[in-house]
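Both of the next two complexes hold chain A, though its partner changes from chain B to chain C.
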Partner chain A sequence: MLTRLLSGDTPRSGLLTALLLIVLISLAFAPFLFPGTRSLETAARICIFIVLVASYDLLLGYAGIVSFAHTMFFGIGAYGTALALSTTGPGYGSLIWGTAAGAVVAAVFALAIGLFSLRVKAIFFAMVTLAVASAFAVFVSQMSWLTGGEDGLNYKIPRELTPAFKLIDEKILGVRINGKLLAYYLVFFVSAILFLVMLRIVNSPFGRTLKAVRDNAFRAEAIGYRVVWYRTTATILSAVMAALAGSLLAIWLRYTGPATTLSMEIMIDILLMVVIGGMGTLYGAVLGATLFILAQTYLQTLMGVAADASSAVPLFSTLVAPERWLLWLGVLFILSVYFFPSGIVGRLRAGRA
Partner chain B sequence: MAKEHPILETQDLTIRFGGHVAVDGVSASFERGSLTAIVGPNGAGKTTYFNLISGQLSATSGAVLLNGEAITRMSVPERTDRGIGRAFQLTNLFPTLSVRENVRLVAQAKARKGFDLFSVAESHVELLERADHVLAEVRLIDKAEQTVAALPHGDQRKLEVALLIALGSQVLMFDEPTAGMSVDEVPVILDLIRKLKSDMDRTILLVEHKMDVIRSLADRIIVLHNGALVADGEPADVIALPVVQEAYLGKAPDTSETAAAPEVA
Partner chain C sequence: MSNTAVKPRIEKIPLKEKLFQKLPVFLVPVLALTGLAAIGNPSSWLTLTVAGLAMGMMIFIMASGLTVVFGLMDVINFGHGAFVAVGAFVGFTVLAWLAGWTASPSVMLNLAAVLIAILAAMLITGLLGLAFERVIVMPVYGEHLKQILVTMGGLIVAQQMIYVVWGPDELHISRPQALQGSFVIGEAAIEKYRLVAVAIGLALFLAMRHILKKTKIGLLVRAGVENGEMVEALGYRIRRLFLIVFMTGSALAGLGGVMWGLYQETITAHMGSEIMVLVFIVVIIGGLGSVEGCFIGAMLVGLLANYTAFLAPKVALISTIALMVVILMWRPQGLYPVVKAK
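== the complex of A and B ==
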């Protein structure tokens, strides 16, 4: 049953299984294990980014396609939901059609980009995605009458998903059972389902064919696979998944703007998360996203503590000053790529034998 | 598909790269169940001729017919679907995947299951069985779990043949299948090719340099020289020709000699 749910793609390493279980349990019980707004925000962000990073790995790790348009698809999903909620009111109807519209638009964009540029060299595709994504970001910030421009959109979501809605009056384990909690579990379960769907896709005959195309597109053609169609389909699937992740973010934040969805910074973060976790394995997305977002959120705090504790040591305390957290994130990234070139998952699986 | 069509035919097949004519008006037809060796010195256009038939290159002029149907403008996968199978001179496999997975992918392509998104690949037992059956035939079954990149060269050549067997095409094209193999491995490959021809009635085209291999396998030899077909006939007759003697017994002929060479063509 469990193997079926995981599509036969078990972690195949004791330590990896343990780590994944820790992440799963922490996320599943995050509101109770780590009370507080900030930790809940972080947990929801991890859930959403697991989907986003996994969908990027579907493209980069499985199909071997480098795209810089992933945040554009993420943004299309988020803006779809945001626009529907802000224009037609905070109902479930608008939430659903906005999300669906975002996914459809993302799919159409992906199809167009794919057919237009996947026939040619990989570098050309990467450049086209970069150009289209930049143009899209400019477009969104210019269309301020519709998208709110750089300020983005604030909107209401269905009341049952907001803190104002109380399910029961008493607290359970010191946690208020309110709409925010429901919203978190919506994010958690939808993310989990999307992840399992992607796990199935990469282990399907289609997913296996993608790996063949990545390994040797020339030979894949010669045994009868129409490579362009496989690449285009992978691009579309990955775009739709990214759009759905964007919709989750839009619901969770009740705000959508260029900085939270479309920025090149997020694109780079996604790329780093895939590489740190391990390309070509969706479990890498889980670990990559979790570690990266934890570091992003708590490294600054941690360094603040370290700087205070070491204020007597002159050079060291300057180095670990909280404002230098990006430097240390960079150092961590370089170290992880140096020591785990095949990512954390690749390293753990190799160490099994 | 009338009976009188040869299974494969090239008519005046030509490709130009700028001013250079790599394959120059080659017309030949191939009967079902025949094994034709294509020989010629380096740069004669043998591999280019293969690429024109299997679709990696598009002809400048002329036609390729499979069972009488023109496939000249078709893409590689379309030609593969219609029954042309190709193995390559340089080993050309899926290096990070396992040996079994390489063959399974071929079986999967043949079963047209590549676009199946929602079943688990491993649940298609018939594809795995097919892969193992072929691997047993080429004696690679013990190494089924290994990653292709880690295989010794000879085993990679065997796997290359295994992919063609799994593809089960009507026309099978081998480009120097024994290149770089150790002496004791060569007969294994030759046996496999012989079996494909006799037991399965496949039509086989073979680019090969080793005369002993050609003698033991081919029932016809085609000689290409500077892209043109200069000789075509029974192995014994063709081998006796001066142009073949020159190409295989030392001194390579230069362009001025070619005009004098062909007789059988």
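== the complex of A and C ==
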């Protein structure tokens, strides 16, 4: 049953299984284990980013395509939901059609970009997506009458998902059972389902062909697989998943703006998460996203301590200043591309063998 | 003996085909004339055209290094933007030191200060290129996926190091006295600095063409683009050639950074990645690896960006993407494809 749920792709390493279970349990019971708004925000962010990073891994790790337009699809999903909620009011109907519209638009965009540039080289695709995504980000921030520009959109979501709504009056384990909690569990379960769907995709014959195309496109073509078709389909699937993750973020934050969805920083974050976690395995996305977001939220505090402690050493203290955490992750990123391209997960699996 | 020597046979290309090959050259005047028709007012058209050419030249300076590096080594450096930013920061620091020179009314002192700033920036970015090639790019030759990832990582680290060295704030500096202000021709105002940028860009383009077409090292670079293994088999150390070209490309990015910085008068650590979008569009339009294509692409992008910024400001960046799409539909490999799709 469990193996079926995981599509036969078990973690295959004791330590990895343990880590994944810790992440799963922590996320599943986050509101009870780690009370407080900040930790709930972090937990929801981790859920959403696991989906986003896994969908990127579908493209980068399984299909071997580098895209810099992933945040564009993420943003399309978020803006789809946001626009539907802000124009037609906070109902479940508008929530659903907004999400669906976002996913469809993302799929169409992905199809266009894919057909257009996947025929040539991987490097070409990377450059085209970078240009298109940046142009899209600028475009969105300039269409202020529709998207709210740089300020983004604030909107209401269905009342059952807001803190104002109370399911039961009593507290359970010291936690108030309110709409925020429901929203968290909505995010959690949808993320879990999407993750399992992606696990199903990569372990299907389609996923296997994708890996073949990644490893030797020429040979795959010779055997009779239409390489362009497989690559384009992978791009579309990953775009749709990213759009759905964007919709989750839009529901959770009740705000959508360029900085939270479209910025290049987020794109780089995703790239770091995939590579550090491990390319070509979706469990890598789980670990990568979790570690990265924890680092983003809590490493800065730690580095602040280090900077204070070393304030006597002039250059060193600026290097460990809390704002410079990305520097260290960048170094870690380069090192992981060289020395363990299969990331944490690859390391753990190799350790067992 | 001389009787038996076989003369190389040079195939005659029919005039029609020759013209077709040269077709992209005419795109620039066609675009300029279309711009004139769309804008209607000749004096604002002149201002915009000079502005567009200046912007195009600066983009060309930054993009040329990238495209030659790609053509020769099959490496696309996503960290190229970092060199642009570092060049700008170094240049600004030098100009700030030479504040006495830049503020003085003497044209010579002004230009000397700018020249020193440019040389310093090119030196530093060239050396940075050396380090970048040795440490970051060398282990991943031939692996595109890793190249993209690793150079992107290099970009992140370099941008963060700019924060460490120069602090998180953006820098402002005003142009030297001699480069401020503008000429007025009829009703059209033309900024002096833009003319300087056009002159430098044009000189660089001609110099690059000369080096690539007429000198030994240019011959080697072109041969390396065509068939690197063969060049190596003939006894040339292609790795060293790679390194020289990479360093030159980085130094050019630094030059472009200083010029762009002086154009905007404000620089941030992120300026490199912002400009890289335009640089990539130009390189794609021109055809990866082609200097001529890159030049024409840069002119097209510069002109189009300025015309649309005047006519419909909201779609300026989208218009360059549209240009890229149109060009790629016409020639899927760019205007002058040099490197065959691998």
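By our rule, the second predicted complex is superposed on the first by the 314 of 353 C-alpha atoms of A that agree within 3 Å, B and C clash if a C-alpha of one lies under 4 Å from a C-alpha of the other, contacts with A are read in each partner's own complex, and residues count from 1 in each chain.
Everything that follows uses one rule, which is that a contact is a pair of C-beta atoms (placed from the backbone, for glycine too) under 8 Å apart; a residue touches a chain by one contact, two chains touch by 3 or more.
As the structure is a prediction and not an experimental result, all values here were calculated from the model.
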First, second, both or neither for A:Val305, with chain B first and chain C second: neither
Touched partner set for A:Ala350, first chain B, second chain C, both or neither: neither
Touching partner for A:Ser7 - first (chain B), second (chain C), both, neither: first
Contacts of A:Ala259 with chain B and chain C, given as first, second, both or neither: neither
Partner chain in contact with A:Ser134 - chain B first, chain C second, else both or neither: second
Between chain B and chain C, more extensive residue contact with chain A: C
Partner chain(s) touched by A:Arg200 [first = chain B, second = chain C, both, neither]: first
Which superposed partner A:Ile123 touches (first chain B, second chain C, both, neither): second
Partner chain in contact with A:Thr209 - chain B first, chain C second, else both or neither: first
Complex contacts: residues of chain B adjacent to chain A: 54, 56, 75-77, 80-81, 86, 88, 92-97, 101, 104-106, 108-110, 113-124, 163, 167
Parts of chain A lying in touch with chain B, wherever the complex brings them together: 4, 7-8, 200-201, 203-209, 211-212, 215-216, 218-227, 229-230, 233, 237
Residues of chain C touching chain A in the complex: 76, 78, 136, 139-140, 144-150, 152-154, 156-157, 160-161, 163-164, 168, 273-274, 276-277, 280-281, 283-284, 288, 314-315, 317-318, 320-321, 324-325, 328, 332-333, 341-342
Touching residues (chain side chain A, partner chain C) in the complex: 60, 64, 66, 116-117, 119-124, 126-128, 130-132, 134-135, 138-139, 142-143, 264, 268, 271, 275, 315, 318-319, 323-324, 326-327, 329-331, 333-334, 337-338, 341
